[in-house]
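Supplied in structure tokens, the structure appears directly below.
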Amino acid sequence: TENLTLVQAVRDGLATEMERDEDVVVMGEDVGKNGGVFRATEGLYDEFGENRVIDTPLAESGIVGTAIGMAAYGLRPVAEMQFMGFIYPAFDQIVSHAARLRTRSRGRYTCPLVVRAPYGGGIRAPEHHSESTEAMFVHQPGLKVAIPSTPADAKGLLTSAIRSPDPVIFLEPKLIYRAFREEVPTESYEIPLGEAAVRREGSDISVYTWGAMTRPTLEAAENLAGEIDVEVVDLRSLSPLDEETIVDSFEKTGRAAVVHEAPKTGGLGAEIIATLQEEALLYQEAPVERITGFDTPFPLYALEDYYLPEAARIEDGIRNAVEF
Amino acid sequence: MPREDVAEFTIESVQVLAEDETVDEELVPDLSDDQLLELYESMKRSRRLDERAIALQRRGELGTYAPAIGQEAAQVGTAFAMADGDWIVPSFREQPALLVRGTPPEQILQYALGMEEGAEIPDGEGALPPAIPVGSQPLHAVGVGWGEALQDRDNVAVTYFGDGATSEGDVYEAFNFAGVYDAQTVFVCQNNRYAISTGIEKQTKAETFAQKAIAAGIDGIRVDGNDVLGVYRVAQEAIEQARDGEPVLIEALTYRRSMHTTSDDPTAYREPEEESEWEARDPILRFQVFLEDRGLLDDETEDEIDERIESELADAIDRARTAREEVDPADMFRYVYDEMPPYLEAQLEAFEAERGGETDG
Amino acid sequence: EAETPATPEDRIFAPPRVRRMAREEGIDLAQLEGSGPGGRITAADVEAAVRGGSLEGAAQVESTEGADASAEAETTDSTGGTAVGTESATETAEAGAS
Amino acid sequence: TENLTLVQAVRDGLATEMERDEDVVVMGEDVGKNGGVFRATEGLYDEFGENRVIDTPLAESGIVGTAIGMAAYGLRPVAEMQFMGFIYPAFDQIVSHAARLRTRSRGRYTCPLVVRAPYGGGIRAPEHHSESTEAMFVHQPGLKVAIPSTPADAKGLLTSAIRSPDPVIFLEPKLIYRAFREEVPTESYEIPLGEAAVRREGSDISVYTWGAMTRPTLEAAENLAGEIDVEVVDLRSLSPLDEETIVDSFEKTGRAAVVHEAPKTGGLGAEIIATLQEEALLYQEAPVERITGFDTPFPLYALEDYYLPEAARIEDGIRNAVEF
Amino acid sequence: MPREDVAEFTIESVQVLAEDETVDEELVPDLSDDQLLELYESMKRSRRLDERAIALQRRGELGTYAPAIGQEAAQVGTAFAMADGDWIVPSFREQPALLVRGTPPEQILQYALGMEEGAEIPDGEGALPPAIPVGSQPLHAVGVGWGEALQDRDNVAVTYFGDGATSEGDVYEAFNFAGVYDAQTVFVCQNNRYAISTGIEKQTKAETFAQKAIAAGIDGIRVDGNDVLGVYRVAQEAIEQARDGEPVLIEALTYRRSMHTTSDDPTAYREPEEESEWEARDPILRFQVFLEDRGLLDDETEDEIDERIESELADAIDRARTAREEVDPADMFRYVYDEMPPYLEAQLEAFEAERGGETDG
């Protein structure tokens, strides 16, 4: 193992898969010579050459659109969107093509494409650099969506994403790109898409979260320990959702909260709530709390700390659900 | 250099077989008599398929159908110039090219019957399924042509789109990526003068569509798209150039002689006179006279061709109808992912359960 | 099943889990008076009803209502612990009690 | 009044507002000379001239992007996307700019833009012509989303949308463009955004729906009459949602279903369920049923009737909720 | 016309004040001495603002900042050619142009402090807020310039973007719409040779960025972007042309002398030699020598200018800091819609309630 940050684990995951499978190509803005604006592709250009680590023109639709062609051709492109806020020019290519190539050709063509993007707030970045709109991609059939919250998961999930014969939107919580280190196996391994991780066991309430919100949620859980026994479920895979783990936890606790950065209305919290009441309504003791970003555009950074859920707000929300 | 020219560009236009049947012998491509007849038959086959499909649609048997009537030379000429391993990346009006490349007519009919089966490319044929979002597919062709380049192979991807498509940013991005990465790609813009009702003068101020290549630093050339010999010649050169990593944009000047699709009524936006003018320039007619002039086509051959086409199409229609009877609604769930995730499996089960109760289950 | 009152005021006011308890115990919630916040029927109300003298049980809990909300009610509820998913109910009670 | 179809009412709404306010301009592909592929702008070109009814190049991002500039400039553009499935090339302009211009400029600029698009399935159209992804737009703060289900609502909601100082995504159920006629006032009137309509009163279950699904839902309600007394709420405005009407109905019935064409996962049904349990959990007697499109790409038309919820499926869902 | 040229294009390049300080007197724009000094001071003001902002960022006081060092002539020259009612539609590196157009420096600083207030354009100034998504704003400029045309007014919209931005389909769509609808728009492409780390050779195969105009049938022209007189001249002509409904694309050839933003380290991807080469071509230096040669600038004037700038900036920094203290977090909710919908009101109330308990409330 190696002691890596999350972004280093991403890099490691890319390098390991590129070594294993020469059809894997990395492409995007500044991913080559510069090693990526967050250094997620650092050194890959020197290691694998310009035909496998490709600096593209500044055009997200172009990147994803050509990557779709490459994927249909037989390569396994990993396309980086420099920030999730800049994924939208490629939205049409993602939902109209990547997501549908298998269906449209009845499996004759598949689209083994990974679209990587750093997402989320908290790093004092300019406008559009802090979005998290995973819900939009989860709503699109044909896509998978994964978000790691630890270095080891980052590598394992990315490996699965690259090997997936279907397109995966892989969102990286840039707030914790370098926040902590973890022992990460040197060799290649998969963490299957579709499996959540129970980060903390608890019996009073189930709190569902993912990505950068996992840490403040765990912090809130610790702060409440003794008072409220909080189970924290890190979804990791947002599409498909691990309904089993989600529902099992709720059947145990009967109370729940969802924590996400994205705006509340239409966020993924709603889907989790809908699933819970479909599968386990009779266990429910209180409304499921949504502890989320507000229904406003993500503010410029002077206000971002007010926007993002942090431990105190999460604690309040948990208390609401428990004290109902 | 206070004020000086730093870059110059010209757009060339090619015509081999003129409307008045004069021929530039020097430019006539090197094709055997059989090949010339094949070009002709290919154009006719597509024309007849379109005509029969329109009739079927009018009888309520088919969904929306987009005929390529008038554009046969532009497509057959380019597709004919492709080699075995080459890829075709079509939009939704590419019957003539697809037929040349090997898609059986019943698949085209199945697609128009609303069956996904119609877009299931025969194995071994390098053809992506039709792209309905206008202008979205040239990027895929660049990806394919780039893939070929990255793997040091020398097939090319030929992609088709219209005049209207060139207004989509994605098409420009495709030109630009192709240029930067020497993608082995040929772009065939069929300028048929209309995007549904919108004439080319509302589509761009550019005087040619070929010149759009200049923005990406790649070559652009115009050809009389109703002259199958000119098209073939230009396409052949472009494809060879693309094989060497130099993408080319071909503008084929043609005319959409019929409706945009069977849902469209062109009388709302264009004059019958214009349509008659272009009828006179019809690519099949022009080539027919050429073949007759050369003694390659007589009434007997013509009849043989027609009969062959009619019987092929009759069979194709039968097969498509039969296939239509056999669609399995559960297929809807089967090609979303490689492995069906549990929630989708549950939906499929519920679906099957509900249908179990129905008579058509 | 279809017989439901036409105004919210006539509606039974209870969390889903309590509804399940009542169903499992064969208790008609319409016969109970809710002792929880806002008059909602709590698990304790159902349990009291199960133990017989339903109104008695409810009243008993009701007296604690003023002091503090649900935590109290829940405590009563789970210490009575009958057919409920007892484990979680107990956990909840402990948390509420602390 | 005049007896109009829904598409005629749209046309009438446009014409009425264009007459009232000369800053209103209509733009899009084939909206001018041709009067729109569904004839929603028929005759407007002759009536108002080419400077107010504009045939644009075939570029959705271009249409919306320039319309944003016009809106900032002071005009009130109504941009047509020919089908909702082709709105995605404009997605970035909509979410990154139209939705944010007010916030970004602290109200100095607003974006009084309407993006109209026919949406939904059932007309035997080609791929991409049948989508309904309203949920994606509801998730974006700064946008409003409206969907009429009757001719009179179409005109009134469209009038409100055009007069709204903020951008509105106005989705038109093309399946019922010509399905029936209704008396529509000749003069101009507004149906405020944010107000749902109770289409049928009932006491056993609340069924929430909108757009083209309103008709089969009402049909299902009629079929069940005598057995189950169904209340049908036509949301009309999806952003903002009329939480009051939604919750009031549920408090009355205690049971609910949501009917929409869009795929289930991450659809707007989830948001409605989340809202119900937040506001009225204690009234809930059964899981809220989601009667929706499947989590598959919208199929080609040979299968579309299997994909779309129809009266029978809606009845089954209602029964499930009531018999729970 | 078997094979003939059907369209020809040339791209012209302009330079008035050369690197070696030779001047094309015929092309020198008709500007008063005061105006020439104003040009100079404007460039210096922006340079100093950038330098101070970088320093503040390094001390942790500012967020990400994108300096325009090296690009002052390209921006000041174009902005200076604009008239009162004209609109500026900037991207994120437009300090020089914004300062010329009247944005006070403290607003630029506030924006870099993460305050929305920094993008609140002073009333009466026709300026859209900075557009961060690369290449997205030229379409807005076309909408504005088209609006002017539709209303028969004659202001123009001038929009700024980089070499990298030209790869985005939206930028091409902007050119194309402008062409079709005679939008009163001038496109200023600052070719500073980099998009973050990506050099122009990976951005496009086109030999000039000006030629991208050809795809849309509008005029494109190149100018030495470090020659403020050349830029002014070209911009003035372009703006007048655009006023008459003929949009123009200007490519200003320049160099991003410092980092992409304060988060970037250029040593990872380019050589120091290249940077020194361009230091020698610095637009401020070149113009300074010109002014000295003409006897318009001496040490005294230079000092006056510097002092004025320093005191302005010191004030601006103070004001920005003060404003930063006064931000109201609840503002987040206030500019989403004209009227706050109930659910948002509820969120605001909850937010206020929670903050009521905090000391900084």
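Order of writing sets the labels: A, B, C, D and E. Residues in every chain begin at 1.
Assume a residue touches a chain if its C-beta (ideal position, glycine included) is under 8 Å from a C-beta of that chain, and two chains touch if they have at least 3 such contacts.
The model shown is predicted, which means the values in this text are computed figures rather than measured ones.
Trainee: Through how few touching steps can chain B be joined to chain C?
Mentor: 2
Trainee: Among all the other chains, which ones are in touch with both chain A and chain B?
Mentor: D, E
Trainee: For chain C, which other chain has the most distant CA centre?
Mentor: Farthest by centroid: B.
Trainee: Chain C to chain E: how many Å between their CA centres?
Mentor: 67
Trainee: Rounded to the nearest whole Å, what is the centre-to-centre distance of chain A and chain E, using the mean of the C-alpha atoms as each centre?
Mentor: Using C-alpha averages as centres, the distance is 35 Å.
Trainee: Find the geometric centre of each of chain C and chain D from their Cα atoms only, then give the gap between the two centres in Å, rounded to an integer.
Mentor: Taking the average C-alpha coordinate of chain C and of chain D, the gap between them is 42 Å.
Trainee: For chain A, write out the residues touching at least two other chains, lowest number first.
Mentor: Within chain A, residues 56-57, 59, 61-62, 85, 88-89, 92, 96, 103-104, 127-128, 141-142, 241, 265, 277, 281, 284, 286, 294-297 contact more than one other chain.
Trainee: Give me the residue numbers in chain E that touch at least two other chains, ranges are fine.
Mentor: Only 116, 133, 167-170, 173, 176, 180, 202-204, 331, 336, 343 qualify.
Trainee: What parts of chain C, by residue number, touch at least two of the other chains?
Mentor: Each of 15-16, 19 in chain C touches at least two other chains.
Trainee: For each chain, which other chains does it touch, given as pairs?
Mentor: Every pair of chains meeting the touch criterion: A-B, A-C, A-D, A-E, B-D, B-E, C-D, D-E.
Trainee: If you look only at chain D, which of its residues touch chain A in the complex?
Mentor: 61, 85, 88-89, 91-92, 95-96, 99-100, 103-104, 127-128, 133, 135-136, 138-142, 239, 241, 262-263, 265-271, 273-274, 277-278, 281, 284, 286-288, 290, 294-297
Trainee: Could you pull out which chain D residues touch chain B in their complex?
Mentor: Those residues of chain D that touch chain B are 29-30, 32-35, 37, 55-62, 85-86, 88-89, 124-129, 264-265, 294-297, 299-304, 306-307, 313, 316.
Trainee: Please give the residue numbers of chain D that touch chain E in the complex, ascending.
Mentor: Per the touch definition, chain D meets chain E at residues 25, 51, 54, 56-57, 59, 61-62, 65-75, 77, 92-93, 96-97, 101-110, 141-142, 144, 164-166, 194, 240-241, 243-244.
Trainee: What does chain E use to touch chain D in their complex?
Mentor: Per the touch definition, chain E meets chain D at residues 89, 116-117, 119-121, 123, 128-129, 131, 133, 136, 139-148, 150, 157, 169-170, 173-174, 176-177, 180-181, 183, 331, 335-338, 341-343.
Trainee: Report the residues of chain C in contact with chain D in the complex, numbered from low to high.
Mentor: Listed in rising order, the residues are 1-2, 4-8, 11-16, 19, 38, 40.
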